[in-house]
Amino acid sequence: MKAAQLHEFHRPLQIEDVPDPQVSAPFDVIVRVGAAGLCRTDLHIWEGQFDDAQKESGLALPYSPGHENAGWVEAVGEAVTNVRVGDKVILHPLITCGLCRACRDGDDVHCDKNVFPGLFAPGGFAEMIKTGARSVIKLDDSLEPTDVAPLADAGLTAYHAIKKALPLLHPGSTCVVIGAGGLGHIGIQCLRAMSATTIVVLDSNADALALAQGWGADHTVLVDGNQVEQVKVLTGGQGVHVVLDFVGEGGAQEWGVDLLRNKGFFFVIGYGGVLAVPTMRMILTEISFIGNLVGSYNDLVELMALAAAGRVVLHSTTYPLADVNTAMDDLIAGRLHGRGILVP
Amino acid sequence: MKAAQLHEFHRPLQIEDVPDPQVSAPFDVIVRVGAAGLCRTDLHIWEGQFDDAQKESGLALPYSPGHENAGWVEAVGEAVTNVRVGDKVILHPLITCGLCRACRDGDDVHCDKNVFPGLFAPGGFAEMIKTGARSVIKLDDSLEPTDVAPLADAGLTAYHAIKKALPLLHPGSTCVVIGAGGLGHIGIQCLRAMSATTIVVLDSNADALALAQGWGADHTVLVDGNQVEQVKVLTGGQGVHVVLDFVGEGGAQEWGVDLLRNKGFFFVIGYGGVLAVPTMRMILTEISFIGNLVGSYNDLVELMALAAAGRVVLHSTTYPLADVNTAMDDLIAGRLHGRGILVP
Amino acid sequence: MKAAQLHEFHRPLQIEDVPDPQVSAPFDVIVRVGAAGLCRTDLHIWEGQFDDAQKESGLALPYSPGHENAGWVEAVGEAVTNVRVGDKVILHPLITCGLCRACRDGDDVHCDKNVFPGLFAPGGFAEMIKTGARSVIKLDDSLEPTDVAPLADAGLTAYHAIKKALPLLHPGSTCVVIGAGGLGHIGIQCLRAMSATTIVVLDSNADALALAQGWGADHTVLVDGNQVEQVKVLTGGQGVHVVLDFVGEGGAQEWGVDLLRNKGFFFVIGYGGVLAVPTMRMILTEISFIGNLVGSYNDLVELMALAAAGRVVLHSTTYPLADVNTAMDDLIAGRLHGRGILVP
Amino acid sequence: MKAAQLHEFHRPLQIEDVPDPQVSAPFDVIVRVGAAGLCRTDLHIWEGQFDDAQKESGLALPYSPGHENAGWVEAVGEAVTNVRVGDKVILHPLITCGLCRACRDGDDVHCDKNVFPGLFAPGGFAEMIKTGARSVIKLDDSLEPTDVAPLADAGLTAYHAIKKALPLLHPGSTCVVIGAGGLGHIGIQCLRAMSATTIVVLDSNADALALAQGWGADHTVLVDGNQVEQVKVLTGGQGVHVVLDFVGEGGAQEWGVDLLRNKGFFFVIGYGGVLAVPTMRMILTEISFIGNLVGSYNDLVELMALAAAGRVVLHSTTYPLADVNTAMDDLIAGRLHGRGILVP
C-alpha cells in the first residue's frame, strides 16, 4: 500500500509503497483509511520530541504517523464479532487489552498494555492501518470519515474533560474555555449540547472568538492582559466555577487560576507549561486541579452520537495524503484553518 | 387586603377583605403577590382531600390556597439580609428552618419543621402572603411574576426529577417523558437545555405531542395501546435508559415500566396509581424506581437561571384574582391551556 | 472427567464420566474445580423452574449445575494473557464479550452476549469447567477455593448492592439488613468493613441474630411482628436511611418499606414477592427502590481483597462432590449451616 | 469573665477580666467554654502572620484566640430552637448565614458572610464565647468537651478531606497518609472506620509511625529519602490511588506526587509549600490535585457520630487556661504530645 513515511526527523515525509498490514491475532482489525487527522502532536513527532519514547517502545524509523483515523473495515481476525468487512468506522486511538482493571472499569485509556498506533506503532498516514476489535466504532450512515476523523483524539480529549466537568456546571454556573482552537471549538459545542452553564470563551485571536459565538459561547473575552478583570466583572466579582484550559502554556496556566471562585475546578487539557500554586492558596479557597487524558471508547461512542445528531460539527481542511508535507507546513505556519485531514 | 377564601369544600371561593399578614419573627418576609399559579392540587384541596391533614396541622377554614407565588417584597423581619422591600421575587413553596440536617444538606424540602403556605398556612390567592427569608429568590430583571409563578412548584418538581436523572442521560441514551402537560412541558425544556439525550415524549393527546416537538422532543409517540411497541422500535428493541412518568396513574405506571431497558430507571413524579413490580423482575433486569418530591431552594435558583436565559418558557393563561372560580372551572373542564395564573 | 449430572428434574443427580471440556476459542479457559458452591438457585433448577429458559438458550439435560466456582487453571486459549496453567482462581459467574457498551462500562453482568455456566451452560458440579479469560481472578496465596467459592455469586450479589448503597451511609446513618443468611452474613461483614453506618439486622431466627453480632451488627431485632416499631424506637421515630432486603418475599418487601425514613432507599436483593407501593407515597416521602443483580468482575476483585484481608469470612459446610444429593437434601431440610460447598 | 488575651504579637497572652459576651441578635448563642483546642494556627496568629487579614476584618488587639471549642450553652437569642441553655455542645468553627447558596448546599465553610471566632472575632481562650445557632452541635452523653474540642477544626479538616476521597478508595486500593500528627491521627482513624482501603502511613518520626499502627495503618514507612521507592514496592510498582498530604511543605508536596499511580488523586491538606507540576505530566498520567478546607457543619455531626461510637479517639494533653503560655511554649518546642487543650 501507499504510506507517508517518516524517515528522518525534521525532513519531509515520503510517500512510498510498504507492505499491507496483516491480521495476526484473533482480535485484529485492518481498516482502509478514509481520513486521518493531522495533529500538533504529529509536529512534535516530526521534530523528534518522542524519539526516546519511541525507541523505548521498540518503534524504529521509518514509520507512518497518524492517530486520528476513520475508514472502512478491510479484514478481521477470527474472534471479531462487533464489526464486519465493509463497515464504516472511527478508531479509538488506543488498542486495549480488555482484561486489566482499567479496561473493565470504562477507563481503557489507562489500559496496562495499551498500544498507540501513530505514535508507538504504524499510524493512519497510509492506505491501511491495523487496530483491534475493541477500538472500532461503527459510524452512523449520515457521517463520513472526513467528517469525524479528528474527533478520534482531539475531539475526544475535549469531550472527556467536559464530561468530567458536567456535574459542576449547573444552570447559573459559569464555565471558562481558554482557547477556541482545534480542541476548544469541539469543547464549546459539547458544553452547549450537554449543559446550560454560562460559557465564556477566552482567546488571543479575535477571529476565533467570533466563531466561538456561533458554537454556543455566551460571552467572549479577548486575552489582552485584562481578561481576568473582565471575567470578574462578568461574574459579579466571584470568579467562575470551572476553567477548561485547552492551552496549558504561555501563562494561561497562571492567570487562568485567577479566574476561579472559591471551590472552583481547573481542568488541565492543553500542556507545555508548569502549574505552580501555593498549597496555602489551594486550602483557603479549596480549589482543585484536574488532569485530563484522551477519552475512553464509550466517550467516543457518545461523541459520535453528538456528531450524528448534528450537535457537534468539525471545522476542518482536507488534503490528499500525497500533500502531507504541505499540510504540515500549513499547520506550522498557522495557515491551516480548523483541523487538517489527510485523505489517502 | 383582598383574598380569595375557601369557606367550604366544593363551594366557590369568596373574594373578601382579610387582615394583612404581619411580620412577627426575625426571618419573616411579607410579599405582595404578583402572580399565583393554579395547580391541580388546589382542586384536591377544594374537594376536601386534604381536610384531615389540614386539621391535623392546625389550619381551619376559611383560608386562601395558592402555593405557586411570585411578587414583590412588602416587609421584612429584623434579621433578613438577603432581600429588601421592593425586590421582585419568586417564593420557594416551603418555609424552612435552616437548622436541621436536611436544610443544611441542600434538601430543604425534607426540613423537619417545614411550613407549606397554600396548603397548611395562608397561601397566595390574596394580595399578600407571609413567607420566610429562606424562601425568597430575587428575579432577574427580564422576568415578571406572571412569567414564572407556576415554576415555583410544578416547574420545580419537573426540574428536580430531571436533575436527579441527568447522570444517566449521556449522549446516545434515550429518555421517555410520559405526559406533555403542566409539568411535562417544563421537563422537556429542562431536558433539552441540560442534556443531549434522545427525548421521546408520550401522551394521549396529539395536540400536546405537536407542542412537545417545539419544546425539544426528538420523537413523539401517541399513547394508543401500541406505545410500548413503538418505543421498542425506536430503541432497536432495547428499551430506554430513563422513564420520567409525569402521570403516575391510569396505567402509565404499569406499561411505563415495560419501556425500560436493563439497568433502566423509572422516575415517579405524577401520582395516583399503585406501582406493583415482582421483585424477581427488579433483580433480573436490575431496574430501579425513584420517588420525587418538589425541588430545593437551590434547584429553584437554577430553574430561574434557565428562565432568565430563555431556555425554559412557561405556557400559561392569566386570570384576575376575582375570577378564581372561573379559572378553577376551566381547569376542571379541561378548557385551561397551559398553567393557570391568578393576578391580584 | 467425573461430573454430577442432572438427568431429570426432581430426581437425584448422577455422578458419571463425561468428556473433558476443551479449549475451542482464543479466550477460553478450562478450570479444574476446587470448590463449587451450592445455591438455592440450584434447587430451583432441580425443580425445573428454569426448564423453559434453559430450553430457549439451547441447553438440554443432562448437564451439571454449579455457578459458584473456584479452582486451578488447567488450560488456556491462544489469546489468554492474564492467567497461566496452574493459577489458583475464582470464577466470575458470567462469561462476557468485552466488546459491548456494558462490558466497557464496568457492568459486565449486563453484557449483551453473556453466557452463564451452571444455568445455561455446563457448570461446576464436575471436575472441570469451561469459562473465559474475562471471568477468572487470581486468588491471593492465603485463600483456597473452599474459602471463597460461594463468594462468586451469593457473596458478590451482597457486595454489589452494598457498594451501590455506600454513598448513602454516612456516619450517623442507619442501615437495616433484612435476613442474616447466606447473602446477609456476607453483606453485614462488607458493611462493617466499608462504612461506619449503624447496622441493624432483622431476622426471624434468633440464632442467626446472635451470629450477626459477631459479623458487625450494632443492633439485632427479631422479626416477630413488632420489628417495625422496634426499628422506629432505635431511630428516634425517624426510620432508616437504607434497607437492604435479602429476603424479598413473605412480606419482608411490605413491612420493610415501613422502616424507611424520608428520602430512604430500599434495595431489593432477595426475590419472590411483589413490591407494591402507592405512587403518592413514593412522592410524599421521596423514597426509592433499587433493583440489584450480581456484581461485576471488578466487584469480585474487590470482594477478594476483603477476603484476603480477613475482613470477610465465609460461613460454610463442605461435602465431597459425590455427596451432592445429600448436600441438596440438607439444604432443602434446613440442616445446612452456612453455604454448602462441593469439592470434586 | 476571665480570658487569655493577646495584646501584642510575640508576647505572652494575659489572663484578665473582660466583659461577658452578650446575645445581640436572634440567632446568637453564648457558650461557656469547657475545652479549647490549641492549634498551630494559634502560633501563626501569635507571630502576627494574620495581622493584615485581622485588621482588614476589623479585629483589633487585644483579643482572645481559640477556634476549636466545646462547652455548655449559656444563653440563646430569641429565634434559637435547636439548643437550650445547659446543652453540652461542640462548635463548628464558623458562624454562617444560612441564606447564601453555599450554606444551602451543605458547604457552610464557603458562606459568603462567614465569621470566624478565634481568628477574626473573639475566640475560645476564655470562659465564654459567642457563636450562632447554626454552629452548635449537641454532644452525645458519652462525650465531654475535653474529649472532642480539637475535632472542631483539626479533626474536621481531616474528616472532610477523607470524605471527599472515599469514592476513590475501593477494597484493593491503596491510600497514603503523609504525616501522623494532629490531623493525621484523626484521618487514619476515619479512613479505617469508613473504608477497607490499604492504609500506608508516612512520617519522619518513628514514634508516630508506631502509634499509627494502633490507629489502623496497614503499613508504615519512615520518611528517610527512600520512602517513594518503598511505597512503589508495596504497590507492585504501580503507585497509590490517593495521597492525603497532611504536611504540605518541606518537600512532601514534591515527593508525595511521585507516589501516585495513573489517575491518582493528591489531596492538599497541610500547607506551606508550593505545588509545582508540569501540565504535561498531569495529562499523561491524568493525575489531579484537590484543595481542602475545614469541613461543613454536617461533616462535624458525622465526626461526632464516629467519636460517640468510639471509632475516633483523640490523643491530647490538657492545660488549665491560665497555663496557655506554657502550652504554647510546649507546642513550639515539640514537647506537646497529641493536641493541646485549654480548660478555663
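Letters are used for the chains, namely A, B, C and D, taken in the order the chains are written, and counting of residues starts over at 1 for each.
Heads up, the rule we're going with is that contacts are C-beta pairs under 8 Å (C-beta built on N, C-alpha and C of every residue); 3 or more make two chains touch, one makes a residue touch a chain.
Worth saying up front: this structure is predicted, and the values here are computed from it rather than measured.
K.L.:
Hide chain B: connected chain groups?
P.N.:
Remove chain B in thought and everything remains one piece.
K.L.:
For the interfaces B-C and B-D, which has the higher count of C-beta pairs in contact?
P.N.:
B-C
K.L.:
Could you tell me the distance, in whole angstrom, between the mean C-alpha positions of chain B and chain D?
P.N.:
The separation of the two C-alpha centroids amounts to 42 Å.
K.L.:
Show the residues in chain A shared as contacts by 2 or more other chains, in ascending order.
P.N.:
301 - these are the residues of chain A that touch more than one other chain.
K.L.:
Sort out for me which residues of chain D touch chain C in the complex.
P.N.:
163, 166-167, 170-172, 193-196, 198, 301-306, 309, 311
K.L.:
Which residues of chain A touch chain D in their complex?
P.N.:
102, 107, 109-110, 248-249, 253, 262-263, 268-280, 282-293
K.L.:
Which positions of chain C touch chain A when the two form their complex?
P.N.:
Against chain A, chain C makes touches at 25-27, 78-79, 81-82, 97-101, 103-106, 108, 113, 133-134, 296-298, 301.
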